[in-house]
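Take a look at the structures listed below.
What follows is a pair of complexes built around chain A, which joins chain B in one and chain C in the other.
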Partner chain A sequence: MKNKNPSANENIIRLLNEGAGFISGENIASTLKVSRAAVWKRINILRQKGYFIESLPAKGYRLTKSPDLSLEEIKNSLQKTIFKDIIYFQHIDSTNTHAMELASKGFQEGTVLIADEQIQGRGRLGRKWLSPAGKNLYMSVILKPHILPQDAAFLTLMSAVACASALRRLTSVPVSIKWPNDLMVSDLSECGHATQAGRKLGGILTEIKADMDRIMHAVIGIGININLDAEDMPDEIKDTATSIKNESGDAQSRTLIAVEILKELDRWYNILLNKGKVTIKDKWLKLSSTIGRAVKVTVMDTIFEGTAMDIDENGMLILQLSDNSFKKISAGDVTILR
Partner chain B sequence: MKNKNPSANENIIRLLNEGAGFISGENIASTLKVSRAAVWKRINILRQKGYFIESLPAKGYRLTKSPDLSLEEIKNSLQKTIFKDIIYFQHIDSTNTHAMELASKGFQEGTVLIADEQIQGRGRLGRKWLSPAGKNLYMSVILKPHILPQDAAFLTLMSAVACASALRRLTSVPVSIKWPNDLMVSDLSECGHATQAGRKLGGILTEIKADMDRIMHAVIGIGININLDAEDMPDEIKDTATSIKNESGDAQSRTLIAVEILKELDRWYNILLNKGKVTIKDKWLKLSSTIGRAVKVTVMDTIFEGTAMDIDENGMLILQLSDNSFKKISAGDVTILR
Partner chain C sequence: MELNDLRELMGLLKDTDITELQIEKDGVRVKIKREKFFSHLEVHHPAVHAAIHEKIEAKEIKKEEKAGSEERLFAVKSPIVGTFYRSSSPDSEPFVDIGTKVKKGQVLCVIEAMKIMNEIESEIDGVIARALVENGHPVEYGETLFLIEPV
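Take a look at the complex of A and B:
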């Protein structure tokens, strides 16, 4: 059924969430300036979308449970951010692929694509990103930052900071960042919390369209394993991947995590544009699991071993090799050595 | 009329160009394994495309004049290069815009778009590029280079080298390169040739789609004023622009110039991929009108004055300021000071 008034669903969910208990159909109808029959129809549409809405003739309506991924609640929570246009897909080939197409067609900065399932989820270097339905978070945001193309790596760094900060705030999982784009469960125990050391929770895939002077648009893809169970993981990633649920023991609301990540992204994006790269880098270094560690870095067919010392002003990893010389690496796969 | 056999036109033009004088219809028909009636039909199609083809009943056909921009002759001349797929447009919004779309749809490396006229020709920073019909060269090539995104500036440098080399070989105009992407008439007289000092002949617009690890595709747009007359130029560029014809006094074949540029581009692209950036940089420095000069560089709202010293390994301009400090500039507008 086509939604003639795209904000009607959000408005009803907002009223139901604001009310402490029941809210009458009359009250909803007058607040939203629609008929009571329209409210009743809309309530049924929301029930089909997975909302549990209790109704009692004398009292009205009460929201008892929201779906685990609620577009309406995400939209209601992000009104003060740049992320006002949110498009939801039950299935999509890849949120990043589609977001790049939409950006080329003129969709504005702040547009967010969220999918329940990706058929052709992608990671770095065209690798497959496992994207089953109902479990995880797959989203891409369109940005049009006034930064130089060679600073594009900071979009990845900023997004990793936003994701790690949001996940740390909402969950008990000590999330850290592995250069360049991985969200990991920290293998450095911070408070005695037992973790599956160094396993991958998610990643960031930043793609840009640019000329030499400017970035026309960037798409930041975020994929995070939220409620994926160990038994859902295929053999090839079983030993290296994990999920928030797997680490914390509890299923998490994808709605809350999406909202928190997008709020953090809004915040760190503003910091990048207004305060510049140094603040991003400082925070990134604090959340990094790479810097200061002995690492092996695979760049195409070449392997470098050394100590990860720092990242430079273009986001490149600075490695100190065994002969004490320094090597800057712009793209590669890092393995942290014990 | 739809062209059922896309290479038939090229084949007939090739035979007509190879023959010293007349070539019989029977000869053409047997070589191309088609009927004489098919040859006759095809000859008429080619005449409509602007070829002057003489025919004498006893002798056959003779090509006396080709159109100034001959797709068939361009294709015939580029068989040994990567530029085998050439698409011609009488009008197009922008060859770069369309080439980026085609590259996203999977069109392969080496695809060339050539237009007689651009309705919305673009220069750097979204500036308008004057693109009238029948006068100039507007083309874009799709490349899929295995180079890092931060080396993308070398695609511009390489293309400028290819264009300047080709134009110097074919014409008497002393073409030089102004950082980052302008083709200029050199204001340093090399052999007493009188030039309109420092005027702009053309430019390169490189656009890429990339992630942090690699360039998915790049489009190199080349716009060169070939036969544009001074009276065709609008007031706003009259004092700064020129054309090959304006400089050399003679109208030039756009076919020959397109062929020579694409051959040079094929050559320098191979050099970039196989020998690396240093060879490109060395040649670029030789053709540059920027390095060693006192310049003013406008970067957004800031103006830097100093001496252009070099370009670095990412293609950035290294400027020595009046306090002897060095400033690297990745994007800006250079004015050469007297």
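Take a look at the complex of A and C:
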């Protein structure tokens, strides 16, 4: 069936979520200015999408359970943000790859791609990102920021800040940021040896298209392990990866996490556009688990060891090496030693 | 810049029509000026033995670029400070090599900074004439990455 009214599904879900109990088909029909038959058709479509909607004669409809990743509820919760165009995929090769293509084709700033499963989920330098169905969050957002290409690093920093803030607010997991934007779980207050290096909870991959003067578009890809169980993890990442469920013991709604992250991203993006680089850097430093630690940085075949001192105005990591000289790092893999 | 480099530069200039060359590298600026004196001059007043200072607008010559044959090459520059990669992952083939025919919009390399991957595209149709940066090396803002011969 062709979707003549693209927001009809969201509107019905919104009405069902607003009402405490049952809402009559007639009430829905008159509010949305459609026929009762059209409402009935929509309800069936939504049931196929995974919504449990109870219906009783003379009482109407009641939403008893939403799918774990609900496009309609995400859309309804983000109406005051820049994220108005949200595209959902059951399977996709990679949300980032597709988002870069859509951005080149002229898709607007604020377009979000969310997938239940990625067939070729990827991280930095073509590394594989574990992306099974029904477990985690995989999403990419298209931005077209009017900032200089040299300031693009702040897209990375603000994304990490947004994700870490959102996850800390919604869950009990002490999420921190490893330079520049890995989302880690490590107990910062304790010096427990087992967790000192931390486990990776999520990653952010930012890709941009820029020339000397401007950024044409940027895509921020966010992958977060939410309900991934230990047995879902292949051996090579078992010791280094974790998930929200793994840490807190409870499964979490992917819808709520997606909404909270996108709200935070909207907020921090506005801060960035309003010359708030210092605000972003300060918040990043507060959430970082890297600064002040002894670290090892692998840049291609070269390894630097030293103390992570700070980040500079371009987001580069400033290392103090053993001979007390300073080294700025723009790219590399950071391992926290102690 | 070493003394030998200077000698080599002066040697290079000798057989050309270039009279003035200015190079800036790593904060050191070198300016070489040659003045041509003509002993036989077609002038209306034979008494005047003027040394004619031939002025040629000094062409801006970027580091590592030589004058002449490479003048018409198109320089691809880095829009950000970062790390240069010639392929999308360590296991994959380089995007381009010397001699590769490229089309406008084709990806030439990736520059990474703070985990931002910036795909650099060709702005013209052409053939890769020179690749100036090694895989995994740092690049500066505005640094020339490739020279492309337009077709």
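The rule is short, and it goes like this: the second predicted complex is superposed on the first by the 326 of 338 C-alpha atoms of A that agree within 3 Å, B and C clash if a C-alpha of one lies under 4 Å from a C-alpha of the other, contacts with A are read in each partner's own complex, and residues count from 1 in each chain.
We take it that a contact is a pair of C-beta atoms (placed from the backbone, for glycine too) under 8 Å apart; a residue touches a chain by one contact, two chains touch by 3 or more.
Keep in mind that this is a model prediction, so the values were computed, not measured.
Once the two complexes are overlaid on the shared chain, A:I82 sits clear of chain B and of chain C alike. With both structures placed on the common chain, the touch criterion links A:R127 to chain C but leaves chain B unconnected. Shared-chain residue A:I177: touches no atom of chain B or chain C. In the superposition on chain A, contact of A:A153 is made with both chain B and chain C.
After overlaying the two complexes on the shared chain, residue contacts for A:V297 are found with neither chain B nor chain C.
When the two complexes are superposed on chain A, the residues of chain A that touch both chain B and chain C are 124-125, 149-150, 152-153, 156, 180-181, 205-213, 314-315, 330-331. Of all the residues in chain C, the ones that touch chain A in their complex are 77, 79-83, 85, 88-92, 112-119, 121, 123, 135-136, 138, 141-142.
Residues 100-101, 104, 124-125, 148-150, 152-153, 156, 180-181, 205-214, 216, 314-315, 330-331 of chain B are the ones touching chain A in the complex.
Residues 124-127, 149-150, 152-153, 155-157, 180-181, 204-213, 218, 299-301, 314-316, 330-332 of chain A are the ones touching chain C in the complex.
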